[in-house]
Amino acid sequence: MIEVGIVGGTGYTGAELLRLFAGHPSARVSVLTSRQEAGKRADVLFPHLRGRCDLVFTAPDETALARCQVVFFATPHATAMNLAPALLAQGVKIIDLSADFRLKDAAVFNQWYRHDHACPDLLAEAVYGLPEVNRERIRAARLVAAPGCYPTAVQLGLLPLLEADWVEPAHLIADCKSGVSGAGREAKIGSLFCEATESLSAYGVAGHRHLPEIVQGLNGAAKTPVGLTFVPHLTPMIRGIHATLYARLKSAAAAADLQVLFETRYRDEPFVDVLPAGGQPETRAVRGSNLCRIAVHRPSGGDTVVVLSVIDNLLKGAAGQALQCFNLMCGFDERTALDALPLVP
Amino acid sequence: MIEVGIVGGTGYTGAELLRLFAGHPSARVSVLTSRQEAGKRADVLFPHLRGRCDLVFTAPDETALARCQVVFFATPHATAMNLAPALLAQGVKIIDLSADFRLKDAAVFNQWYRHDHACPDLLAEAVYGLPEVNRERIRAARLVAAPGCYPTAVQLGLLPLLEADWVEPAHLIADCKSGVSGAGREAKIGSLFCEATESLSAYGVAGHRHLPEIVQGLNGAAKTPVGLTFVPHLTPMIRGIHATLYARLKSAAAAADLQVLFETRYRDEPFVDVLPAGGQPETRAVRGSNLCRIAVHRPSGGDTVVVLSVIDNLLKGAAGQALQCFNLMCGFDERTALDALPLVP
Amino acid sequence: MIEVGIVGGTGYTGAELLRLFAGHPSARVSVLTSRQEAGKRADVLFPHLRGRCDLVFTAPDETALARCQVVFFATPHATAMNLAPALLAQGVKIIDLSADFRLKDAAVFNQWYRHDHACPDLLAEAVYGLPEVNRERIRAARLVAAPGCYPTAVQLGLLPLLEADWVEPAHLIADCKSGVSGAGREAKIGSLFCEATESLSAYGVAGHRHLPEIVQGLNGAAKTPVGLTFVPHLTPMIRGIHATLYARLKSAAAAADLQVLFETRYRDEPFVDVLPAGGQPETRAVRGSNLCRIAVHRPSGGDTVVVLSVIDNLLKGAAGQALQCFNLMCGFDERTALDALPLVP
Amino acid sequence: MIEVGIVGGTGYTGAELLRLFAGHPSARVSVLTSRQEAGKRADVLFPHLRGRCDLVFTAPDETALARCQVVFFATPHATAMNLAPALLAQGVKIIDLSADFRLKDAAVFNQWYRHDHACPDLLAEAVYGLPEVNRERIRAARLVAAPGCYPTAVQLGLLPLLEADWVEPAHLIADCKSGVSGAGREAKIGSLFCEATESLSAYGVAGHRHLPEIVQGLNGAAKTPVGLTFVPHLTPMIRGIHATLYARLKSAAAAADLQVLFETRYRDEPFVDVLPAGGQPETRAVRGSNLCRIAVHRPSGGDTVVVLSVIDNLLKGAAGQALQCFNLMCGFDERTALDALPLVP
């Protein structure tokens, strides 16, 4: 039985980790920290866990965490990077759901997160936790940076095209729609029911923190610097990201079979489902699951490719993907505790 | 491996049965019927099941169904009663999610459903599938009538009070709020997104079909005819029933401990959770699970008892409860394939 | 042109007052205060007002407010009572949308709001701003306490029955369902989209601040102390209150015509619409309007009366009713700037 | 007082016309037709209109309609084109909210709507009812084709750029998000609350009927054939269209001031609001109003222009724009009965 710690368990990703581990046969959460809620039972904060979770929040304590084999950080940025070196030094593996270890370049981190990085030397070692790209490296990793939600949906949608060098890399467009849970369980006006429901708007058009993360991943796939216009939108639903991706086919690829490309690329992936030609995935068809469903289109047979990619932002976009990495790191079947079907309706 | 048939699998309860059975280790659905969708793959109608369900809808066929050990009816009323006798005669067990076998009195059935009953002789044998009342009879049953959604929430909330004879039976009030999925997956104006969202209204105040079913159950608990005012409301959410129940304490029970009564009554029930004193359950805290969560209050210490009872109408109020009965009938652990935690947020 | 001041204009009732006054031909808002947003344009906080509202928030300033003829308080409780005496002394009329002047008994105010009242001597003078009860007194008032949202829906639904002495006053039940905007435009976890949508729960069962206000009003109508069980519920919609009211008919009233009673009581009311017999009002049928729609039922002809009463909590339950009082106080047609039809769908 | 007829008044656009005309000082609806609802009062179908609308649906009758001065068609396509010639011949002016007269080329109409056009000769005369383009022609028109909802949002967003010849016309992208009311008040599975809420998906990627209409309009502005990729998405809200538009700046326009371009283009438009630089309009900020709010961005100063354009699909995208045309055709102030502010929250 693997002993697991969760730092910062009061948000939605923390709650999802608790829910997922309640069904894991070979691991259990033994430390759950929250400075603010220390002393409170987790099932008081999250009554849906009543009867299946006896944990009590404790103040973060390095000694207690060091007794775990794996520690998840479900914290805002700039927390994991302060605790990670000491835990790693004591042999603890780390899966960070925050942004601290996603970007390889400390200067870029500083530019977007307005923090100096506390341990830039670890950035090279940290493995970007997208199993569809880095599966073997994740298996061997001490430190995994779980990808952001937008980056997961966008990269899985564009990777096949860029790896095949079939589209112009300089003018990619990612028009993304997110449910409100992407903003976290934080008391702010913009996330209120009465502000967010029955409305839709773009935000962060001038620059969103997930942009450099996505670009870094796409650069790797394209083996050349890409140009990306990324426009996220806030939409009135709890869970779900729908990425609508636009790319221009290179003329050399004009006769290419996009459907076969995608099916081949993801044939062995347990959590990527390429829809039959003509498909149009709904976000609810992945709600509550770790799946990414993808469809690829070429409207009117023109040179614009449209990829539709959906995930549950709290699962394949956060806690589910982190658990997928955990399973890989611990030698378990990748799908352990991740086999729930989407909840529809 | 138990072979299961589902008649009428195109609605929400049918889809939920398919989802639940996809996780059942000892049973599998082998026949799935729909007159209208015959020939179509189930995962075309329900894309969330892609990858985990290879079934194809077939036209209802008694011979094929007779090869199953258990057949579920997820049909509108007046279907099961026409097929049940023949299937029972061939040794098939039946779990009917429609109203056909819930009411013991064929005349009452006719009054509320405007149909003569096709096999009134079976009404006495049919076991009302509320495990918290009829567990042992369900284990032994050939024919189970799975309760309606409102009746489940209301009965579980009032049973302890009536069994203990602590409240006046003549003036019970059940003010119930239901999500829209209670109306089924049927194309009708009133269930449209634009009609049902951002609004709330009572309906069926003059008389709702679940009234006689609830009264029949409460009569049994009270051992005297009860008087019930039942007002259902349509509320803008997918899943969930919230029953707010009002009863007048008998003066003999003025000093009674309601909290202990409820905790004792449901101590051994795997799917009924009595909240600590002062609790106020949210419907989402049971969403996607087979749980009923209950709280009991006595505002200002007066003689009015208020019980709050919540379920997921598609699970404890339909498919989940039917599967709970199935597990009992087949000798499995009652909780098999029903251990999912609620999906929150 | 009447000059109007609004103190505390950053909440939903403040925004609604601004919207309503933008359409008022004989009054204009000239002072709009907010300590926190001072210096910001109102249409930056409320972009829907762009092009029709040039106001800038200013810090509260008695001198500026004293130049207005009427000042609205759209503040939390315990603000209006500190400013009211000085403004009244300078001849300003006051319409308070907070709770400060609703309760006639300063001790009851202290018990529920945990504040000593700053000017208990004004409580007797303050007129409770329910035009259907106090129209003439409102016309003549210097100080009006606009009713709470639940109290408006509940009182309008029960008044005819209590005034006629047709129901038992000792065991009234008000099962109320509110949209989330009733909780105000305040950053708190419980009002987040992801917490409030797709769920429903009771709250304040042990005691809600609107209880004494409702009881005070019902006592007045019944001319005897009433007993009321009041259970509010939070429901996933922006606007709307649906009060489902239960009362026991006195035997002397067993043959009474409830429909006629209600139609007669509200015949001349511009904002109360009694539905035809059998009606079941939806909250959306009053959304965006100042209307209260009511239906009265007697299920199965028994002795339990069920009244259904719906309002838009931000209009007839707050800003609309306050403007209705304003029109009366200023000698305008009561309906001025309140003639918008509900927005459906 | 202008006498108005509405053919097909049972949908959302019909209901909105009734609501808007209830506030029009110089016109009144005197004929309201519906084959299916003939004999029923309009306020039974639309209870929110109670007290302000006494109309009764009648079967369509050319004689009655011919007594009106203006007739609106709020019907599915292929209805208006059958009645229009006869009504025009009798001097009735027509505003068609369906697609029958939007496309100038009967062959294109046939290709997308699978109907031969009944009166192709009228296509040249019909004026496309986008006042921001055709104001003077609308004033003089006998027959106006009110634009579709997507076409309104997209054209208003792209017109300034194309008219100025600042962007490459060959590779325009319109990623559009619509509320569910765009699908009409029709009983179909896909529009059910439980199907449409808490989900988001693209549809019609292979080709949507609004595509040729948009292209026709953009061609006119660009004075050259444009290439457009149009991907509509269904989003879980009642009202609202959010068009996110992407275009590549021509190098000659690299130094151009986009903000000034848009502000200048729409300076005198009563219903187009260009947000200050950096703005990001929410759909709710136009809900219930006839406004289009627009913002223009150039992320990272690159050569991709992003335009955000929002409307209420039932108003500026349907009934409101039709009424705007009506006012122009009748010589009224364009804003008559269209001055409601958006309803927020």
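A, B, C and D are the chain letters, set down in written order, and residue numbers restart from 1 in every chain.
The rule is short, and it goes like this: contacts are C-beta pairs under 8 Å (C-beta built on N, C-alpha and C of every residue); 3 or more make two chains touch, one makes a residue touch a chain.
Everything numeric in this text was worked out from a predicted model, so none of it was measured.
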| item | value |
| --- | --- |
| Selected pair, greater C-beta contact count between A-D and B-D | A-D |
| Listed chain pair A-B, B-D or C-D that repeats interface A-C [over half of contact pairs the same by residue number] | B-D |
| Whole-Å gap between the CA centroids of chain C and chain D | 37 |
| Chain A and chain D, separation of their C-alpha mean positions in angstrom | 39 |
| Centroid spacing, where centroids are CA-atom means, of chain B and chain D in whole angstrom | 45 |
| Junction residues of chain A, two or more chains touched | 12, 181, 185, 194-195, 197-198, 236, 238-239, 281-282, 284-285, 287, 345 |
| Contact footprint of chain A on chain D as seen in their complex | 171, 173, 175, 177, 194-195, 197-203, 205-207, 227, 229-231, 233, 235-240, 242, 244, 246, 248, 278, 280-285, 287, 297, 299-300, 302, 304, 306, 308, 310, 345 |
| Residues on chain D engaged by chain B in the complex (per definition of touch) | 12, 180-181, 185, 187-189, 191-198, 236, 238 |
| Chain A partner contacts - residues on chain B that touch it in the complex | 12, 15, 19, 22-23, 46-52, 181, 185, 198, 238-239, 273, 275, 281-282, 284-289, 293, 339-345 |
